[in-house]
Amino acid sequence: MDFIVFLIQSPDQTGLVSGISSFFYERNFNIVDCQQFVDVYSKKFFMRLKLDLSGLKTSRKQLESEFQDFSAPKQLNWSVHYTDQLQKMAILVTTAPHCLYDLLVRHEQKELLCEIPVIISNRPNLESIAEKFRIPFYCLPISNKADKPRQEKLVQSLLKQHHIDLVVLARYMQILSTEFTEGYFGKIINIHHAFLPAFQGANPYRRAYERGVKMIGATAHYATPDLDEGPIIEQNVERVTHEHYPQELTQIGADVERVVLATAVKAHLERRIIITGNKTLVFS
Amino acid sequence: MDFIVFLIQSPDQTGLVSGISSFFYERNFNIVDCQQFVDVYSKKFFMRLKLDLSGLKTSRKQLESEFQDFSAPKQLNWSVHYTDQLQKMAILVTTAPHCLYDLLVRHEQKELLCEIPVIISNRPNLESIAEKFRIPFYCLPISNKADKPRQEKLVQSLLKQHHIDLVVLARYMQILSTEFTEGYFGKIINIHHAFLPAFQGANPYRRAYERGVKMIGATAHYATPDLDEGPIIEQNVERVTHEHYPQELTQIGADVERVVLATAVKAHLERRIIITGNKTLVFS
Amino acid sequence: MDFIVFLIQSPDQTGLVSGISSFFYERNFNIVDCQQFVDVYSKKFFMRLKLDLSGLKTSRKQLESEFQDFSAPKQLNWSVHYTDQLQKMAILVTTAPHCLYDLLVRHEQKELLCEIPVIISNRPNLESIAEKFRIPFYCLPISNKADKPRQEKLVQSLLKQHHIDLVVLARYMQILSTEFTEGYFGKIINIHHAFLPAFQGANPYRRAYERGVKMIGATAHYATPDLDEGPIIEQNVERVTHEHYPQELTQIGADVERVVLATAVKAHLERRIIITGNKTLVFS
Amino acid sequence: MDFIVFLIQSPDQTGLVSGISSFFYERNFNIVDCQQFVDVYSKKFFMRLKLDLSGLKTSRKQLESEFQDFSAPKQLNWSVHYTDQLQKMAILVTTAPHCLYDLLVRHEQKELLCEIPVIISNRPNLESIAEKFRIPFYCLPISNKADKPRQEKLVQSLLKQHHIDLVVLARYMQILSTEFTEGYFGKIINIHHAFLPAFQGANPYRRAYERGVKMIGATAHYATPDLDEGPIIEQNVERVTHEHYPQELTQIGADVERVVLATAVKAHLERRIIITGNKTLVFS
């Protein structure tokens, strides 16, 4: 069964729920799910609408054009998605295998509905995992700092060539350029191995150990030019004690990371996320 | 600021969101919040609608009568609530003080918006707590098994006399009669000190200890004639180890119980719960 | 770095810590870790002792014989393990791939230190996963109920042939015979996809859905002749809502199952578990 | 039943477990509980030893003097505590009632075994709560910044006058002077309403809201001259969504705060904490 998903945000105003739902009712759509939220602080309205795709009697272009006419006077900021078009997801990695494995297994089990045309790395280590799942692996090494822009260009041209919709940084240990993150705004999900905003930057488990925290965490967020400052999608934590050394924190943290990253990627693929300012709304 | 809350359930049918939201839009109501859910298994539609009460231009009777006319052909099963009418809540206890204290503190801090006209117990132990918060305490002891119906009658007449809307069994260690639970269906919340359906009945912590479980829990549910079988509202658990004896499980469990019970009572008072069959929908 | 691990249980008596630690101190062992617990109810003493293996100056036989002489008058029930001898673990599966994948990935990442000589199934479905990790896969189907004992014999002879120390039932959907579970007592770990003792037996997610629980869980336990009644090693839960259908509970539960099973298997491989009666002590 | 608790830390060396346990065995003590931990990084040894007090045949002075003789050559840093001497705990508050209520209820229920001779505040708001539990309440206001040192002197003289062993800052919204925190090192427990090191300083819930985090937390730690930088004792978190405004985060957070603070205070009162550097070991 396939669906049409509308994601809408706009200044709050009376009659939005009634107006939007009537728009689709008049066109004989079956509203499978409708979630809305009004932020009383920013006075903004948000809605996620899920329609039975089989109810579409016109072309997609026609529907979009009619909704555009409807939405313009209301200043709706909206996007539409059709679940019969699988998104294309690229995974970028360095040497840590746990998140890569997790995404590939969930993909194979149809928990993450998307295509994965490429896995890209700046190191050769994880090629055999890509092999196992028969996905092309590109090793694009960086010989020195001056070499970084050249390599990033190669990454970007691979993404373009494969029409990538979503880039997942599955423990990719390179900082992306401002131009890259801005060009893919809202389309790059990063996993940071700490409970942001605690322990931004490098070596979070080591620093968590030194600070003596009693829980460690992980955060999935959209990448922005400011490192580890982008809109947070999902977070979780696990309890630790004084008996855990940094290498054990790393292992305990890996379990948190992979579930947090998979949860965020799934929400994105299912079009359940709206970005507003530097925050996200994640619908259920 | 006060609100009108509509809770609606009905057989699923197209046009419900559009129809209901238009009903209120035509009457110039501001929809503050609207949550809906369609259960594809039972083919039932559920909605919670929160309106700004200040938008009410007619009498409440008038609004209800118009909504009744609107809803009848659609077979909507609905109720309406006005937040300017505080609900009256009775607390029933025996000897365990933690849930009683918790409810009274949250009530004093205006986290639970309701009136508490009476605390009723079959034992005298907790009178001093009721005293601290200046709430009438009725001790209605049970001398023997044959005496139970007489005491329950007294409890019920106290509830009626005080126009009680919600009865909270805050570790009340007496089984209520079928007549009582049926008469107050959906109006009695019980806290069971186990993760239902595990350890129904008596002494759950002792039995959890004997079974060697690694987590203990608590469950808040609506009381029904079948003991510990009513619709579950909220559950939670806490991790335990082999080092915890039954008395420690009791203490750890107490923290779970009071948060679970308070969460359930709050959801009920805020009219966020719809009962369907033997289950609940709890809106956020 | 390798270790000797002693697991000890006995009737409680004064001088045990002093006596045991002195035994090893006199032999110039470095006690890397020492955990003990006295159960005041059963009056039993438990200890896990971890020694630096490089401190062993005699043969292993000699050490064990001397400790036997020391322990006999104190009625110590003990076992000793050397971490330079990798345990051999067999994985039994049917059709669900998530736990199998998880164990194989953790094994590859050296999080689970053991050998995995065989994967055995009553169905052919998961062969390709075994292939990916280059581990022999045996499909031993059961044609009908009468055929079960024959197949179980084949399973057991495979286990014997490969000198298996630990059998992991990673969603193996066959009930083992009493003779099998008794013969491998304390050596078979099963994952049950519910929070035991809730929902023992078949279809726990479906039943959890029908009961309307607000959390679902998983339990890893040692297999015994009584189905789902064996000593619990590890449990965990995840929050769910009325919006989750059985197939979603299954998916959410899969994440709980694999972490719970891996945690239990790791504790067993690291010799951190003592079974006492129908319970476990799991040392940290 | 009463106990003697020894807390010991020292440079790691062979024979410590054997030596210490033999010291007490020779004096016919029953070791009720013994936990030890060797930090392989800092090469430090830690032990908590719990003895049955009724086994003490000499004076306490005598025991301590003998243990001092024993420990000196081993460079043991130790302290001893007798559970028949109730500690005296002062609670400092400002206007938030939830932690104060929680501590007083747990104290009344004998979950926190201590005396509470005084509650001190810089504001009059919470006097009625102290009244309910019949504990002296001192309101020591601060008229302006210059007035702060004078008020702190009054606080300190109250603490001295009442022989206070432990100061609990239960949402006391004043920064203590370096002289105060150093004078009471390891004897002041503060609750910070954020998951440290995230959101140190003022208004953590507001800042958590603005950052769009998906979980909020609380941290109990020993107070040091560096604000919110002291050794962490306990932390916990609760999940939140985009639907929660700052005032709701405050309410959700309050539940986390009070359990985290109570857990830390309980561990301190039961002498289960050893401070090492800027970290804590919390024994179970």
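By written order: A, B, C and D. Residues from 1 in each chain.
Throughout what follows, a contact is a pair of C-beta atoms (placed from the backbone, for glycine too) under 8 Å apart; a residue touches a chain by one contact, two chains touch by 3 or more.
Keep in mind that what you see is a predicted model, and the values were worked out from it rather than measured.
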Item to check | Proportion of interface numbers common to chain A and chain B (over half same, under half different) | outcome: same
Checklist entry - So which one's got more C-beta contacts, A-D or C-D? => result A-D
Item to check | Chain separated most widely from chain B, comparing mean CA positions | outcome: C
Checklist outcome for this item: Chain centres from averaged Cα atoms put chain C and chain D apart, in whole Å, by 38
Checklist outcome for this item: chain A to chain D, mean C-alpha position gap in Å, rounds to 41
Item to check | Overlap residues in chain C, where contacts from two or more other chains coincide | outcome: 37, 241, 243
Checklist entry - Which residues of chain B touch chain A in the complex? => result 14-15, 17-19, 21-22, 24-25, 28, 30-38, 239
Checklist entry - In the complex of these two chains, what residues of chain C are touching chain A? => result 97-98, 101, 105, 108-109, 111, 132-133, 241, 243, 251, 255, 259, 284
Checklist entry - If you look only at chain A, which of its residues touch chain D in the complex? => result 37, 39-41, 195-199, 211-215, 217, 231-237, 241-243, 245, 278-282
